[in-house]
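Presented below is the structure to which this report refers.
When the chains are written out, they are named A, B and C in that same order, and each has its own residue count from 1.
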Amino acid sequence: MKRHLPKWALAAATSVATLLPASLPAAEIEWLQWFAAEDPTGFYDQLVEDFEAQHPDITVKLVTQPFGKVRESIVTDNAIGVGSDVLGLNMPWTTEFLDIGILEPLDDYLARDDNSFATSDLVEAPIGKIDGKTWMVPLNAFPFVMHVNMDLVKRAGFDAPPTNWEELSEQAAAIAALEDGISGLGLPFSSQPPSNGPILTFLPLLYSNGGRIMDGTTPNFDNAKVVETMEFIKTLNEAGAIAPGAASRTGGVDLEEFIAGRTGFLISPGVHSSAITGRNPDMDYTLVRVPTNGTNAYRVHGWEIGISADSRNKEAAWTFVNYLLSPEVNARVAKASNALPGNLAALDAVREGADDTLIKQMDILSGDTPVEEMRQSPKAVASWSLMTEELQSLLRGDQTAAEAAAAVQARWMDQIK
Amino acid sequence: MTRPFRLLTASGTPYLFLLPGLVILGALLSVPLYKVVEYSLYDNVIVERNPTFVGLDNYRNILGDPGYWSAGFNTIVFTVGSVVGHMIVGIGLALLVNADIHPRARTFFRSMLVLPWIFTAVVVALNWQLLLNPFGLINYILDWLGLISEPLDWLGNPDLAMWSLLLISTWRGYPFIMVSFLSGLQTVPRELYEAADIDGAGFWHKFWHVTLPQLKPVIFGVALLDLIWTFQLFPLVWLTTGGGPGRATEVLSTLTFRLAFVDFEFAQAATVAVSILIISAAFTVLYLRNEARRL
Amino acid sequence: MSRIEISNLVKMYGSHQALHGIDISIQPGEFCVLVGPSGCGKSTTLRMVAGLETISGGEIAIGDRVVNGLRPKDRGIAMVFQNYALYPAKTVRGNMAFSLKLSKMPKAEIDRRVNEVAEILELTPLLDRKPAALSGGQRQRVAMGRAIVRDPEVFLFDEPLSNLDAKLRGQMRAEIKRLHQRLENTIIYVTHDQVEAMTLADRIVIMRDGRIEQQGTPDAVFHDPETVFVAGFMGSPPMNLIDCTVTPTGLRLGDTDLACTTPDGLRPGDRVTFGIRPDDIRPAADLPNGVTASLPVDLIEQLGTEKLVHFRAGPHELIGKTGGRVELDEGTAQTLAFDMAHAFFFDAETGHRIR
């Protein structure tokens, strides 16, 4: 017995030790986001370190994933009960996440007196109530804009970027005619995930045409403005102004092609300006509001933050969110991402020393109408996959604009049935 | 201490050490398997806290959905096409790199030809997207050779996308076959080739009458294994075409993912996953039988 | 039936020379056996005749054609391999018919030939079996059948019997010999077994280290060896080969004097290798005219029809023979007789025969 016991006991102990999780310190919170993935400088590590220095009782674990993975991770983590406490969010996900019950309502936290910010200073769109509650707060905000390669514009014989659809189609066609391999405008309508080309390019054009795709929380895709906007891109395509291969062009390729100087115009979030100027400093680059067809409206976008409904450290989580929204910290975050602050009280601090492209974005934000429809749309992600497929078919010439609009509407309604 | 207990501890100690590994491995295999089957019998799993049991309703839905059948058809085209591509390229290259050339050159070619295997799907997808881009290298070469008059959108044209995907899948998957055959080729007795030489067999006759019969068990086993892997292959398709354009390259695995993470229809996704499981299991049984016969 | 002319054949493996100028001339219908220890170059020579190895130098002619550059199938040869090299996926019939099919022979003719050969080799009941279902001897016969159906000018055999057990080997040996009598083809046969060589060959070529030691009829190489190597290689038990000193009256064998005549070139005091086969050393009673000496016998091996007598002469161990019924004591000195008419003398340095 004496000889056998130690071996036996050791084996048993090994099994037990392997199966038991290590106990966690009480105030560790996880922050799942993609922001750090788009920042090569280590800014977010520094941000977390500074927070921990001020709050020695809380540790923050930075969990960084590429944008395309975050939505999936939030859902699966939630399903198996290991969700992060603080979540980086994207407005279009809101309705889906509410259906699953992932998010904690923030109204009680926002109502506190000791917050480092005033709720009225926050960018409006993300904090708008759904089901009577507020679910996320804006870390930063930026409009969708059109990035312009002025070298190509000038080579094509123009001295200023286009301001309206007519000029856009004229200049895009002229740039595409310059030489083989150069195109006027890219449309990233690949089915490859996230397959979100239409909300990157089509919706900004639609909004500048005064159109909408939602009627409250009901899809309203089949309308005259949508059809008109579809016809516009179809005409551009037939004129050879669109980069060939839209149906296989991903958002990433679209950006890379612009940076490499092979497309004249790129419709995408304003934050991309830092990537463009950083990677191709020699380009004669500028950004402008998306050319209008009568309306000065822009698609607003931003990086949002929320708290997980299942978090066991909601107080610590809010302490961290509160820290991120304070005007001083929020200004740092905005500058690091070349975007506008989610807390508009930080606007002046950001404007100080800001470069030309950021000033232009501020002008757009202050003068034009912001639109964000995806956050209240049901099945937002599935819906833009459908848009992608029908737009592919439109550009291929398999259906008319009216048919494509009707098809999206029908399939979308089918989705939410 | 009683004798049986002493026996148990004496002979059981190794198993006790194995226990943690076995428990974890068993749980990792059986829990998801059980969960997926369970999910397929409920409505609104994950999304709802208390999903309702619906029996086989999900199966009825899925089997009545033309999208499922078209994805099934695409899966067959993709799987059979890939396996045939892997076999032809894999065997051909195995014969080439088995040739009697300078050993250093042979090592060089062998290592180079295995390379497609070691890239992750992300890298493969990205590279081929660039190669097959309308402004990419492949269109450039075809244009230069005068084979096409204007660039083709290989991955964006519904008529070409599946072929392009098969090309990529073949490129990515042949090294496994090549390596398997190469080791098989080295077990073919040299005297058989000499006998065939004397009998007057040329290259093709030798391949057909000596190499192929000798490799038949390997071919069958490897083809089945490849079939099982390719049948449920997800990342390459998802990252290259995402099932598009439209649903031209949608296979069962991408349909599962789309149902789960795009549409949040986890129960439907689980149902498709179970259908994949059943077919894969059938192939696996075939494979195991073949292996058992070989031993 | 063709003659085979091998002249000055050289094989190089990189800088290593495996064959040093081999010359063999084989008459039409002759059964030529290449024999020698492993690594002597006999298989290499055969494979060069077959066309399975490239020729580094010299020439091989089969019939009237120099075949150096010809592919194996164009040389008019058929070969039987040591491991049979049967196609495992084909039946016996398929194996035998393969080369005929490749040569586009009409099917009826193929069937006729295969059936005929199968009849000769008693393979008819096995024609539809796969090689895996055959015994070693049956596989060996299929391998021969595959060679015979082609009706080649020349048969090449590469150690065809070495994978068989002793009894089967004896049977197959006889079968091959009968086959040769019947078919009368020219044959080159490689073996390391001197009994096979002796029994089968019209001509034996004994090779060592890539050179020919001696070639000739079995009688010639056995009874008239040119070198000490050939003398020691052929025959079982082997010839006794002893280092001796020449004396005025004969030889000094250890501490025993043997009275005999020595070749003219030898002088008293010369060192010489003395060779005598066991058959030529017998108890004095068996061999009245022999040169006798009393030597200690330490072992008798009974083989049945004869006994091997192991005895000593000073430091040297020798073997003699006697009939299976002769009574002889072990462990005592016996008077043994040497038949010096069949004694051989070899140069102690070069190993060449001194006549």
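Of note:
Just so it is clear, a residue touches a chain if its C-beta (ideal position, glycine included) is under 8 Å from a C-beta of that chain, and two chains touch if they have at least 3 such contacts.
Note that the structure is a prediction, hence the values are computed from the model and not measured.
Shared contact partners of chain A and chain C comprise B. Ranked by how close its mean Cα position lies to the mean of all protein Cα atoms, the top chain is B. Here B-C and A-B were compared by C-beta pairs in contact; the pair with more is A-B.
Most remote chain with respect to chain B, judged by CA-atom centres, is C. Rounded to a whole number, the gap between the C-alpha centres of chain A and chain C is 89 angstrom. The centroid of the Cα atoms in chain B and the matching centroid in chain C are 58 Å apart.
Rounded to whole angstrom units, the spacing between the C-alpha centres of chain A and chain B is 34. The set of chain C residues touching two or more other chains is empty. For chain C in complex with chain B, the residues that touch the partner chain are 50-52, 71-73, 77-79, 81-83, 85-90, 98-99, 102-103, 146, 150.
Residues 1, 4, 7-8, 11-12, 14-15, 18-19, 71-72, 75, 79, 96, 99-101, 181, 190-193, 195, 243-250, 253, 262, 379, 381-382, 385, 388-389, 392-393, 396, 415 of chain A are the ones touching chain B in the complex. Chain B makes touch with chain A in their complex at residues 1, 6, 9-10, 13, 16-17, 19-20, 23-24, 46-47, 49, 125, 129-130, 132-135, 151, 153-158, 161, 238-247, 258, 261-264.
On chain B, the positions that touch chain C within their shared complex are 189, 191-192, 194-201, 205, 209-210, 213-214, 216.
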